[in-house]
Structures are given as structure tokens and as C-alpha cells.
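Both of the next two complexes hold chain A, though its partner changes from chain B to chain C.
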Partner chain A sequence: MKILVCIKQVPDMESRFRPNGEKTWYDEGDLAFRMNEYDEYAVEQAVQLKEQLGGEPEITVLSIGPDRTVEAIKKALAMGGDRAVHIRDDRYYQKDPWQIASMIASYAKGEGFDLIFTGMQSQDRGSAQVGVIVAELLGIACATTLVGFSYDGGTITAKRELEGGIKGVAKLKLPALVTCQLGLNTPRYPTLPNIMKAKKKEIASLTPAELSGEAELTATAAIYPPAKKGGGLVLEGEIGIQVDRLMGILKEKTAVLR
Partner chain B sequence: MKALLIGEYRQGKLLDTTYELKAFADRLGTDSVMLLVGSDADLPKYDGRLYLADAAKYGEYNPDLHKQLVLQAVERENPDCIVFVHSSYGWDLAPRVAVALKAGQVSEIVALNEGAYEVNACNAKLRRTVTPKSGRCVLTIQAGAFSPSGEPQGTPQLERLELSGTVSAIEFVGYEAAEQKGVDLSKAEVIVSAGRGVGKKDNVPVIAALASALGGELGASRPVVDAGWVDHSHQVGTTGQTVSPKLYVACGISGAIQHLAGMKKADFIVAINKDKDAPIGEIADVLVVADVMQFVPAFTAKCAR
Partner chain C sequence: MFLELTEEQKLIQETARNFARSVLEPLAPKLDREGDHPAFLANLKKLAELGFMGLNVQGEYGGSEAGVIAFSVAMTEIARACASTAVTVSVNNMVCEVIQAIGSQEQKEKYIPRICSGAYAAGSFALTETGAGSDPAGMTTTAVLDGDSWVLNGSKIFITSAPYAGVFVVWAVTDKEAPKGKGISCFLVEQGTPGLVIGKQEEKTGQHASATNELVFDNCRIPKDALMGKLNDGFRIAVAELGGGRIGIGSLALGIGLAAMDYATRYSNERVQFGQKISAFQATQWKIADSYTELEAARLLLMSAAFRKESGRPFAKEASMAKLFATEAANRACYNAVQMLGGYGYTADFPVERYARDVRITSIYEGTSEIQRVIIAREVLKNFS
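Up next is the complex of A and B:
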């Protein structure tokens, strides 16, 4: 079995964000990057399936992004991926989900993957499109938002999360693509020996020019901080003073403290 | 301009979010027609043409078949845009339709900005305006962002849709009910919720202590539940409980839309967060910029006195 896991490297969401010079994306200076949270579940599920099948499947990790992306790739390899493909693209953020997905599909087409895992969405762009588009371009079955995954004899039983905590269960046959939701499993922390082992694993490097170059179907016209709606009172400063002030406010404004 | 609105139907019922699609079309100032894979027994109130396909035949979740049904309606109506709710149904189906039409998709629109579509980026810390470059486009709208003004009205003009084949790559097995609710947060007057910012499981009792000092219940954000720090029955948000207490205290919670959807109706919201820019600040009445593990014990001690 050949498995592909698509991962994206995204900034830590606790950072401060400001628009870049061309106002089409965020400025990357001062940001710390990590693996997209949803994609950690995707990597973990792939590794668990490999373990279930006695180590037979080969897991390829793919990521499109600039040089720094290698760090996220290395983490995925340390979690249990076998090899990686890094599509080096400094201008990846200029590409819309259609273009990103087209690059992934154009790479995957010749490789004959049986199963592809992606995250349900990226934390920075959050389009929730790339996985589904890849599946459609490859003409394979697809289910999104998995909070449960099991595999038996060529069939996946996918538990999809619906609104209000209800789940929808569906079966799909390989080849297939699934998109992973938070809580699907418990992503492992790479151990030191596995981090060392990962250093020896192959990371193939490709350029966008080697893959299909589709034109964009949507474009970012502008990016900007949201207009502050006024918001509420911000209490900063020394803890003791904050405690007293909040106490006063709650006594005045709510009936819960008397 | 013409919009094709894709309604939603689940467990034998029309979903109310369907009406948000019409509200969005009204805001766009565009004509609309609707499509629903549903049943005659629960039709939307809608003044216009409704393409109806029978859910008993084509399933409530069967993206392959639903895609083909949408494409049929597109063929008949030639719409400029096809609009879905950004929901487990919409984000699953929309990109499939977009690929089939080679149309650009704009996901989770929160507002309109002079004809361009506004979406969030980076957990709502940034906003983007996105413009489609394809003639026709696919749009998904954030649930709750476009509320209908007034009661929906009208009787739809039905047009039936049928498919010749019903072969699909996906077999829908059935629904699983939400986990039993150990605590019913919907009636709590005070809820103090723990988010990932509390740091570790061992710190959760500190948050629970504030909840009990205020005579309330413990709530939680999703990562805290996923990590097993707090039981799922305490989760607040789109995939947890919807609450409307007199006081909601969010401890170390960033304020993602799926969390806000569950608690924004609280009368008074206090957020404790070390990040002054956390999106929760947008809806909080008071944002205390502090380390939650320093502030909360101090505040609890004060309450106890």
C-alpha cells in the first residue's frame, strides 16, 4: 500500500500578524512556524495504519512551501513517515487552493497512491478545499472531517463529524482521500531516536515548474486586520489590581456576585 | 446576476441554515433559485424555483450523487454563483462542484465588501477580500454571518430532479447520536471554561475551582476535550453545547469561530488571555490580559472572601 500525507507549515496562531508589503498575505518576519494542527492528525493516522498493517505501507509526506517547510517535513518523518517530497515554492502563498491542489494532484498522478490523508483545513488560509480538490482531480473517493477512521480489507469506515456533535458514518473503497479533523487520534511526539532516524530519510525536492502550472481561479484582493468593533474593556497591568477591578465590574454589571 | 442556493437537509428535516443562503443572496442583490436534496414533507418557505431531489433515493450524504444533481441544476439555470453554507455538508460538496465546473471557490465568507467577498485568515486575526477569477464561482458562507431579516415566506415552485444512475464511491451507513450529555450547560447561569491556554490537565482544577466559587459549571474548548483533560460533555461550541449564561469566563481560549458560535449569546463575557490580540477580545465585555494560572487563583481567592 502506498500512502501520501499532505502537510502544510503554518505560523503559530498566537503570533501578531501584519500584512506583507504587497498586501496579499501576512508578513513572515518574526513568525514562528509549525505543522498545521489538522495535518498532525493526518500524519498520525497514516502511521497508525502502517502499524496496523505490520509496517507494510510506505508513507510519503508532501509539502509545498519555502525552505523553512523542511522543519515540518522532518517532524512528519520523525513521527513515522518513510520519505518526503518537498515542493520548493517561495511564492506558494500567492497560489489559490485550486493551484496548490493541482500541484499535489499532478505529483500524485503517476505515483499510484492507494490512500491520501490531508488535514480538513489549514489554520492560516482555512479554505477546507485542497484535499477535496486533489481527490476530484485524481478521480478517487473522498470523505471530509474525519473523527474516526478504521481500515479493513480495502475499505475505510469513516466517521465524519457533523454539527452539534452528531456523526455520520460512511464507507469508501481504496483508492481514497480523507481529510482529518481535530481529535481524530492523539498525535505522537517524535522521540529522540526517531528524530535521529528521520535525519537519514530521503527528502526529494521538486520545483513548481516540474508540476502542472494551472492559472489561479481566485485571487486575494487585500489582507488587513479586522476592524475593531470597539470591543470591551481591556484590563492590563498588575494582577492584584486586575483582580480588584474585575471584581468591581462583575458586582456592578452582573447579578452573579453580590 | 443569479445564484443557485444549495439547501441542507438532515435526519429527515430541513436545516434552518438554508434560510441564511437566501439572506446572503438578498445582500448580494441577486436573483436566486434553490436546490435541495430533501423531501416534500419539509420544504423551505421560499419564493422561487426549487429543484427538489428525493433524499430517500439520493441519500442525505452522498457527495457523488449530490454533485451530479447540482450540476444538472447548473445546466438548467446557468447561475453566476453556487452558494453553500460552510458546514460539514457544504465544505464537503462545494469543492467537488467547483472542480467539475472549473470554477473558483471562496470559502467561509463572513461579509461583503464592495462586491468582493471577505473571509477570515489566521483565526480571525486577519481578514482577506477574495475575488473570483473564473466567470462562474462557488461560494460558501459562514454559518450565522448572514441572518435572515424576518420570517421566511413563500411557497416554492417545484422542479423535480432525477439521476439515471445511482452508483457512488461512498456508501452512507448511518448517523451516530452525539455523546450523552453528562452536564447540561444550557441552563447554567455561570460557566467558566478552560482552553488550551491553561497549559496542562493538572491545571484544570484551578479553573473548576473558580467555576464552583461562582456557583457555576466548568466548560471547555475543544482541544482541552480532545486531549482528554475534560470530558466531552463540557465542550462549548458548534460541535459541543450552545450556552447562554449570565456570565461566561473564557480562560486561555483564543476565540475561534466554532467556539464563539456556542457562547456568544452569554449576557456578560470575561476573557483571560495573555494575548491582547486574541480574537476573543472582539466579543468579550472585559479582556483581562494576564497569565491564566496567575490570575485565576488570585481571583478565586478574592471571590471566596
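Up next is the complex of A and C:
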């Protein structure tokens, strides 16, 4: 079995974000970067599947981004990836999800992956589109927002998180792509010896020019901090309606009333 | 000059930070107040499984081969969360390194993997005696060869991890007639050896979870091949290995100092007096500026000493400078942090009083600040004579 895990390196979410000079992305100057949280679930699930199958599957890790991205790639390799592909692209942030997905699909097409894991979304852009579009471009089955995963004899049973706290179960035959949500698993800490050994694993380097990526469909017009609001959301009106609205918000936005 | 961690060092730092925050930090207040020995040992085991007990140890003995800089940054991250855990990790690394440096092939293969894997919760470094602290060459514990075994008699104090250490590196006098410091040898003594008695546990100001005990040798008989390194060469070994330990303790102190100042600085952005956040007062800002400047200077000194050791160059002077400055800067930072929290800083409802107690020993153990100055001055004066 050939497994592909797509990961992205994103800023530490505790960082202070400022728009960059072009006002189309955030200023990366002072930020610390780490692996996108949802992608850690993807890597972990891939490694767990490899362990379940006695180490037979080969896990390839793919990431698009500038030189610093190698650190996130090495983490994925230290967690149990076998080899990696780094698509070196300093202008990755100017590309929309369609372009990013088309670059990944262009690489994956010739490789014959049986199973592709991605995060549910990136923590910085948060489009939640890349995984789905890759599946569509490759013409393979896809299930999103996984909170449960099992594999048996060529079939994936995917437990999905739906809106409003409802769960759904989908069965997919390989080849397939799944996107991973918080709660799917607890990503392992890479051990120190494995961090050091990851140095010796292959990281192939590609440029966007070597892949047949598509032209962009959307362009970022502007990025700006939200206007400062005072004191959060204030519910007004008749008390019964206020209670209903509060219940609705707690159900939709939090885990309090699930 | 390239003042940036490598990708591997950054990943080790991140792993240490994530583990410390999610596993060690929540337990630290309880370990300090009432103790939870099983949980403390369980966390040591997890750290061993991740590879933190032999950072600068070769892979063939179960080490991580990550180097001295990685050791320093890992110690700082662990100490930010729990100083007791950090000192145990530091001593374990030091024990592994001394065995790796001078042990026989058999000794290395037998003991280092047990510490690195967590089969032994800890290793201990038994040098200090009641009459031999800053002046270890004044020790009186003796080892006498009797047939096929050495017989140890005497006692040691302030031995970190003694009740749960699997093996002790013990220094003892093997030639009473030799000039001072020339007749001391180094031995490996296993826990449970008849005649090895774990004495009373000290009640300390801080670092409560880390046990500190007296050790008594009462006709303690160990095999002849428990001698480590050359006969009567033990004192030189101890002096050399303490240098590496100093990088560990300096890094540990830096972690406590950062934890204290991070907490106090966040607090100063919330606490309002006279109608404004106390961070708006220059008196607070100067504490923040001074402490972070000193802690950053400490970090650079530690990195420099670690880099020298990792490069195989002499590092005793740099390790002493880093240890001296980092531990004293961290003490000042903790003092400032308590001051910034005012009365709250003196209560157990806030963590800074724990940091202030935990940090105090760092300018004492692994060589006092006074001894560091003696070493630094001696090294400097060598170049002027």
C-alpha cells in the first residue's frame, strides 16, 4: 500500500499576526512555525495504519512552502513517515486552494497512491478545500472531517463529524482520500532518536514549474485585522427568545450541550 | 557565526516544550505541595522513552545522539514546567555521559541503556560528603581492595535520586598516602548492594519531588570490575564531568527564570492599580527589561558553552561562566517576578513562589557561584602568567 500524507507548516497560533506589506497575507518575519495541527492527526493516522498492517505501507509526506517547511517535514518523518516530497515555493501564500490542490494532484497522479490523508483544514488559511479538490482531480473517493478511522481489507470505515454535533459513518473503497479532524487521535511525540534518524530519510525537492499546476481561480484582495469590538455578543429581546438563542449558540459553537 | 538552532534541535525543543506543557506542568504544583511519587516516576519513564535521558549519548547505548545544544534547550523547556523533573533528567544525562566517557565497554553496555530506556528511573552521582562539598578532594569515603572485591566505607550527602536510582557513580579514596586529589577512584555501585544504605531524605526549600538523600557505605562489597576508569584517576574525571553538568543546571535555571518572568509579565498586563495596568508603570517595565535581557544573555552564554563542548573544544571556563550567570540571573528574575505579583507572589495560589524556591538551589548545586568564580578566574589568569 502507498500512502500520501499532505501537511502544511503554519505559524504558532499563539503568535501575534500583522498583515504583510502587500496586505495579502500575514507578515511572517517574527513568527514561529509548526506543523498544522490537523495535519498531525493525518500523519498519526497514517502511521497507525502502517503499524496495523505490520509496517508494509510506504508513507510519503508532501508539503508545499518555503525552505523553513523542511522542519515540519522532518517532524512528520520523525513520527513515522518514510520519505518526503518538498515542493519549494516561496509564493505559496499567493496560490488559492485550487492551485495548491492541482499541484498536489499533478504530483500524485503518477505515483499510484492507495490512500491520501490530509488535515481537515489549515490553521492559517482555513479553506478546508484542498483535500476535497485533490480527491476530485484524482477521481477517487473522499470523506471529510474524520473523527474515527478504521481499515479492513481494502475498505475504510470513516466516522465523520457533521454540523451540530451529529456524527456520520461512511465506507470508502481504496483508492481514497480522507481529511482529519480534531479528536481523531492523539498525535505521538516524535522520539529524539527518531528526530535524529529523520535526517537520513529522503526529502525529494520539486519546484512548482515541474508540476502542471492550474491557474488561480480566486485571488486574495485584502487581509486585515478584525475591527475591535466591545464586549462580545449581546443578546437582547424577550427572555424566552434570548434563552433559545443562547442554547442555539452553545449547541452550534461549543461542546457544552452536545 | 550562525545563531540559529538546526531543524533537529528545533524539533527537540518543540517536543520538550509540548511534553512539558501538557504532561509535566499540570502535575508540578501537586509534586511541590503534597507529592505524587508514582506520577513523578511515570513521567520520568515517558521522558526516557522519548529519548531525553541520553541526549548526548551514542545510539549503540540507547542514546539519542542529539548533542549538547539539544540537551541545553531540552533542559530549559522541561524546567519551565517542573524543576524537580528537570534536575533528575540533568543528572541522568550526566551519569550516562560519565559512564560513556570512562566506563569499560562492558560497563557502558550494561548501565547506559538501562538509564536511557527508563529501566532505571535514575542514575546517581555520589561525590559530595559532609566535609567535602566545594572541596570534593577532601572526601573520606574509602575503597579497599580485598581479594576479588572492593570494600566501601563512609558516607555521602545530598545525593539526587538516591532512593530510585538503579546505579550510583561513587567516588572514594583508594590511596590515602597520595597527594590530595591524586588517590581518588570512581566506582559503579548498583542499588540494593548489601552495605549500601539509603539514608535520610532532606527536607528542602524547593524541588521537592526530586529526592536528595544521605548515602551510607557500611562494608559495602562490590566486584573488582566495578572500578570505572583508571585507578586513582577519579578526581580528574569528576572535575571534567561536572563541566557538562553545569551546562545542564544553567539551562535548568534559565527555564525557571523564563517561567517566572513569563507569568509575571502576563500578570502585569492584567493587574490594574491607580487606574492602569501595572505594566504601564516604568518600575514594572524596568524589571521586565532587566530580567529578559539577563535571561537572553544567559541563554547565549549557555549556547556558547554547549557549542564548544559539542565541537570537542575545552569548555570548562565557558560552562562555569554560563552556570554562574544563568543561575544568578534566574534568581534575580524569580525575585522580580514575586515582586511584580506583590502579595499574591508570596502565596501558593500563584506559581511564582514555587519558581523562587525551586531556583534558589541552582546557584549552589553542581558547584556554587563562588566555586564557578574560582574556576573562571583560574582559567583567565592562566593566560596572564
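Following the convention adopted for this analysis, the second predicted complex is superposed on the first by the 229 of 258 C-alpha atoms of A that agree within 3 Å, B and C clash if a C-alpha of one lies under 4 Å from a C-alpha of the other, contacts with A are read in each partner's own complex, and residues count from 1 in each chain.
Please note the rule applied: contacts are C-beta pairs under 8 Å (C-beta built on N, C-alpha and C of every residue); 3 or more make two chains touch, one makes a residue touch a chain.
Keep in mind that this is a model prediction, so the values were computed, not measured.
Within the superposed three-chain model, A:A222 lies in touch with chain B and out of touch with chain C [touch as defined at top].
With both structures placed on the common chain, the touch criterion links A:K199 to chain C but leaves chain B unconnected.
Looking at the shared chain after the overlay, A:I241 reaches neither chain B nor chain C.
More residues of chain A lie in touch with B than with the remaining chain of the pair chain B and chain C. In the superposed model, A:K75 lies in contact with chain C only, and not with chain B.
By the document's definition of touching, neither partner reaches A:L53: not chain B, not chain C.
Contacts of A:P11 after superposition on the shared chain: chain B is touched, whereas chain C is not.
Legend: residue contacts after superposition of the two complexes on their common chain; A:P97 is shown touching chain B, with no touch to chain C. Counting contacts as defined above, no chain A residue meets chain B in one complex and chain C in the other. Contact residues of chain C toward chain A in the complex are 7-8, 10-12, 14-15, 18-19, 49-52, 55, 59, 63-66, 70.
The touching residues of chain B, counted against chain A in their complex, run 10-11, 61, 63, 86-88, 91-92, 94-96, 98-100, 102-108, 116, 119-134, 137, 143, 169-179, 189-190, 214-216, 222-223, 225-227, 232, 235, 238-240, 246-247, 254, 267-270, 275-278, 281-290, 294-295, 298-299, 302-303. On chain A, the positions that touch chain C within their shared complex are 34, 70-71, 74-75, 78, 189-196, 198-199.
Listing the residues of chain A that touch chain B in their complex gives 11, 13-14, 16-17, 19, 26, 96-98, 120, 123-129, 132-133, 136-137, 140-145, 157, 159-173, 176, 182-183, 186, 215-226, 228-229, 231-236, 239-240, 242-244, 246-247, 249-250, 253-257.
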